[in-house]
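To keep things simple, chains are lettered A, B, C and D as they appear, and every chain counts its residues starting from 1.
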Amino acid sequence: MATKVKEPAAPAAAPKSAANGRPNSENPLISDDKLKQIYSTMVKCRLLEERARTLKKQARFKGNYYAAVGQEAVAVGAGIDLRPEDTVAPSHRDFILNFIKGVPLEIMFSQLYGRVTSPDKGRSSPAHCGYAPLNIITPASTIAAQLNIGTGVALANQMKKNDNVVVALSGEGSTSLGFWHEALNFAGVRNLPIVYICQNNLWAESVSVKLQTRVDDISLKATGYGFPGITVDGNDAVAMYRVAQEAIARARSGGGPTLIEAKTYRWYGHSEIDPAKYRSAEEVEEWKAKDPNAAMERYLTGKKLFSAEWKQQIFDSFNKELDAAVEYAEKQPQAQPIECLDHLYSFDVRGRELDRKTCTPQY
Amino acid sequence: MATKVKEPAAPAAAPKSAANGRPNSENPLISDDKLKQIYSTMVKCRLLEERARTLKKQARFKGNYYAAVGQEAVAVGAGIDLRPEDTVAPSHRDFILNFIKGVPLEIMFSQLYGRVTSPDKGRSSPAHCGYAPLNIITPASTIAAQLNIGTGVALANQMKKNDNVVVALSGEGSTSLGFWHEALNFAGVRNLPIVYICQNNLWAESVSVKLQTRVDDISLKATGYGFPGITVDGNDAVAMYRVAQEAIARARSGGGPTLIEAKTYRWYGHSEIDPAKYRSAEEVEEWKAKDPNAAMERYLTGKKLFSAEWKQQIFDSFNKELDAAVEYAEKQPQAQPIECLDHLYSFDVRGRELDRKTCTPQY
Amino acid sequence: MSVSYLDAINAALNEEMRRDPSVFIIGEDVGVMGGAFGVTKGLYEEFGPDRVIDSPLAEGIIVSSSIGAAMAGMRPVPEIQFVDFITPAMDAITQQAAKLRYRSAGAQTCPLTLRVCYGGGTGGGMYHSQTNTTWFAHEPGLIVVAPATPTDAKGMLKASIRQDDPVIYFEHKKLYRLPAIKEDVPESADFLSDLFHCAVRRPGKDATIVTYGFMLQPSLQAAEKIAEETGASIEVIDLRVLNPLDHETIPNSIAKTGRLCIVQEDHRTLGIGSEIAATAAELAFDCLDAPILRVAAPDVPAIPAAEPLEQFYMPDLPKIMTAMRQLLQY
Amino acid sequence: MSVSYLDAINAALNEEMRRDPSVFIIGEDVGVMGGAFGVTKGLYEEFGPDRVIDSPLAEGIIVSSSIGAAMAGMRPVPEIQFVDFITPAMDAITQQAAKLRYRSAGAQTCPLTLRVCYGGGTGGGMYHSQTNTTWFAHEPGLIVVAPATPTDAKGMLKASIRQDDPVIYFEHKKLYRLPAIKEDVPESADFLSDLFHCAVRRPGKDATIVTYGFMLQPSLQAAEKIAEETGASIEVIDLRVLNPLDHETIPNSIAKTGRLCIVQEDHRTLGIGSEIAATAAELAFDCLDAPILRVAAPDVPAIPAAEPLEQFYMPDLPKIMTAMRQLLQY
């Protein structure tokens, strides 16, 4: 078993990740189609991010990019079955959640390129993509802040008595912030329909998780909030999917919040400018060997659901989609300078800023 | 057993308070003298606060007062054996910690009266008493902020490799704040010599602890920080003393932080202007029956350490001390208005504020 | 019927909650107790615990959960019990609420109204007397208002709740029950006040006082006294809105009077008076006949508790009189 | 030897840590990585993990633990990686550090130096470009400095660390490696710079520019260009200290030039320029020959990421030139 629900009263040590990176949880309730969809989505997420990284390296867009390569199982497991009405509260590293939730690639690349066709018309950083039509909160950079806003969305959903859920994602570094605590405590008190997913990738920029918190398992922290905390092998897509769906179903049916700690690893630096010298080559290699995508491939192979042709087909067709999206984005204009003054209030302020009126004396 | 150390791995339900308010923990290691000292200190604390309340009701001093009557066992058990070099980080309700740590009554009443002889020369609120010579942090009103400053003092003590400890007190309401979380998490990571004492008196102003957090025992929250959390009957002075001293000794010897939840009750309103209509008369009566001072009296009686004459003697002599302190404070002057400008920086700003210089044109 | 400032706020909340089921209240002690000052009294009884939420003691989540709820279609009216304790919500207010619409190019918005109790002069001491309006007046994306009369208290709160932007609504604790300002307040459920302009509370032609909140009271008294003493007529402008500032009413007044004094309860440096003076020195420079004066608290960290110190700190009628005489004699 | 702004800060930290064992550093990524920008590079290697502390991701405890440590006799130099993320420390800075000495009548103090990285114009977008100096310039009890040159960067940091008050030290990310400002910096271990006065960076007699931080660069260029174009001589004052403000140097300059323009990277409303203008309109009114102008960012919530928007936002040489021409022609 790679996963274990930790009831507050009896937290236990986290299950270890599977040996050799093989997924080690089985769930007969997951259909073959779903398994294949999970895999193909993970593959596409990686292609998408590797493309973004390449474009960034080629300086085809400005600003920074925070790749989640190596963490695909978490995002896909949590996001793949969400409904449009469900809300996602992403962190800086969750660009791919947009894709998983259905945001068109043209829009996502417009975001990277800061074009007028981006959801924010070039205002936020490239990786900070949100999308109102699909209820994806446009993130600030402030770590953990999205969890608190997401918690408020959950409050609204509860008030409206609908069955929408919120999935709020962050890294293990976020758990040190007061915001994080206030969000989870409040969600516990009000039994809100929300799932907090902590992507414990061992590093917060250059800071080891050992300096972030004294506990080995972030999921233990749920003990203090009175709702379940679960540690799952975040590189095991099947386990991740199962645990996330269980938590989402619980939230949807009024069972309240869950904290999921997904143990995983980011393959690259914190952002594209970080050489990540603070960690050892061995550690990186060890985790690359636990590649969630490769593990899922082996899992499907074992279930005779995989073929090299199918994989190639995913690659080919998705790469074409990416080509088209990049081409689209590159053709779009940037916002006009004056648009800097827009979307400040529900009313227009251009006149106010541009035309400062001088008074003349009245004698 | 009224107390139980909860190691993070296996938090259990809190022990129930003793029936009939009788102290239900025994500790042969506590000397008779210490037991008597604990009792007499508790009695004095109550006399002190009832006096303060009376003076407040008579409008003999301004501002507000937050009595800890009913909670004496917690403050005394935690504070009675502290050394002058140890630091206390008090909340708004911990005025009596000053007395327990040895601040002269004249100074404490000067604080209530806002006189120049108060440690802060009339700046802070009456109940917000600190005293640098005995390392008592002058509290802000901001709930929990003292814990974070106290945590920094513990960091300094650790850096200086001395064996001083910090005792940081707050109410259960404080645990909802991000500050609280950041302090405890940091103390865990760095294994700081500090004891956090959460006085769970069931109410934060008008808000029930049920709306503050979903867990029954605040001590469970230590689970997320990787150090022991303990729930103790806060109306049992012996239990409180034992648990606090154990935690203080652990901190002093490099064993790191402890969170102590002391379950207790404030007899009166949040402050002297609060009629506390939000709680039932039954609840109040129930808790008054668990009076920590009366319980300690019965306990000493059982051990043949108590006599009515001794009690009367404490009353009489301490009331005289109080009379003298009140008389002293009432005779002291208030600060001069201009002193409003002092103690802002390490340098003087009176000139700057009083003498704004106008320039004349130079042609 | 003569209505107090506090009752006006209470009525506004009640009316808006009746009108619109998406309006709800959240804060410390706002429910069962009806607020630390009784402002939300009766609402818990009428609307229940789901619409009048006694929150955990955490200003951060009070505001940030309101932002999320607002984004999802609700109209939260969170409360900060004392502005002295607003710092835990600083990120929520300045980095989230103020910037959400902008960072999403208008796609995501948060129509919330944060009620904040502020103000000194009550002996509350350093942490129950602060003003702290500058932090928010400085943040584009927020609307910041500070009513000084019961009518404004009601009309501006109702307008704020209906406004599609985050509003910080500063209410002065000394005004809550002040008998002197009680007045008839329009009873119509659709009575709304303007959220964008100053109000001329007393017309005049010899000098202009700009002020807001409780300070309107001693300012009006000063104008009266000056008129009696010297015959000079002082125009008194109630700022009402601290952000975005009304950049027409004040320069227009100066164009007429030529003299400007700002009265603020906040300490001098970077109080709202700085911006008003700076704007006047830019937009009404030719009209100015005298230096711009500010009656403000001294630059000390907060209001001390002891009476002599508090009195030294607080701007008041004598201090305004001194400044106005100086201004008129210039 | 020509030293960069970044190296000057690094040298100041190194020297003070060698001199005084009570000096320590705490912040996110300050240790193993040597800081997000490399400012603390080499210090972890030299002084070890107990004096260069890689903290948890929590700005609140970074500052508040520093306050406690300072109270207990240490001299902490905490770091905020980007001022955009300073809000979690807002209580610690404004309600604790700024008020501790005052609320204890001098008995408890906190000599800490909070290094804060700020500034825009690098394409960092809304949350990696903010200025936010106003929040702290508005708080009595804090000393707020913002050096613009390597010599000041070093001397003011060393002086701040030795100062017995809480200092907020704003360092501009665009200055870190700017070749144009590299200069010889005094190498003496006891070289300290003044923490209380402005510096006249270029003397002049026809108009005064007041600015600070990165904006000193385009301001000096504008002065140069104006001199070439028109022969007018512009005095350029580097503010250096944002709190408490130097209320002599600037009015004295205006007494000579009669014209004032403030250049600030912050948006207009309640930026530091408001206080400077307000003070000038009070203390140097008779000397003013023209309206006080401010070259500032527009009042929008933060700097957008896309280049055309960022350019529209940022004050720069052309915008300063426009204002100066207008000022001189008045």
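Definition applied: a contact is a pair of C-beta atoms (placed from the backbone, for glycine too) under 8 Å apart; a residue touches a chain by one contact, two chains touch by 3 or more.
What you see is a predicted model, and the numbers here were worked out from it, not measured in a lab.
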With centres defined as the mean of Cα atoms, the chain at greatest distance from chain D is chain B
The larger set of C-beta contacts, choosing between B-D and A-D, lies at B-D
Taking each chain's centre as the mean of its CA atoms, chain A sits from chain D at a distance in Å of 36
CA centroids of chain B and chain D: separation to the nearest Å works out as 40
The distance between the C-alpha centres of chain C and chain D, rounded to whole Å, is 30
Taking each chain's centre as the mean of its CA atoms, chain A sits from chain B at a distance in Å of 43
Going by residue number, chain C touches two or more other chains at 55-56, 58, 60-61, 84, 87-88, 91, 95, 99, 102-103, 126-127, 140-141, 244, 282-283, 285-286, 291, 299-301, 304
Multi-partner residues in chain A (2 or more other chains touched) are 121, 123-124, 128, 140, 142, 176-179, 182, 185-186, 189, 211-213, 344, 349, 358
So, in the complex, the side of chain B touching chain D is made of residues 87, 119-121, 123-124, 128, 130-132, 137-138, 140, 142, 145, 148-157, 159-160, 178-179, 182-183, 185-186, 189, 342-346, 349, 352, 356-362
Interface with chain C, chain B side, in the complex: residues 62-63, 114-115, 121-126, 128, 140-143, 173-174, 176-179, 204-208, 211-213, 277-278, 334-341, 344, 349, 353, 358
So, in the complex, the side of chain C touching chain B is made of residues 28-29, 31-33, 36, 54-61, 82, 84-85, 87-88, 123-128, 291, 298-301, 304-309, 311-313
Residue positions on chain B within touch of chain A in the complex are 8-13, 175-182, 185-186, 188-189, 191, 211-215, 220-227
Touching chain D in the complex, chain C uses residues 84, 87-88, 90-91, 94-95, 98-99, 102-103, 126-127, 134-135, 137-141, 243-245, 267, 269-278, 280-283, 285-286, 288, 290-294, 299-302, 304
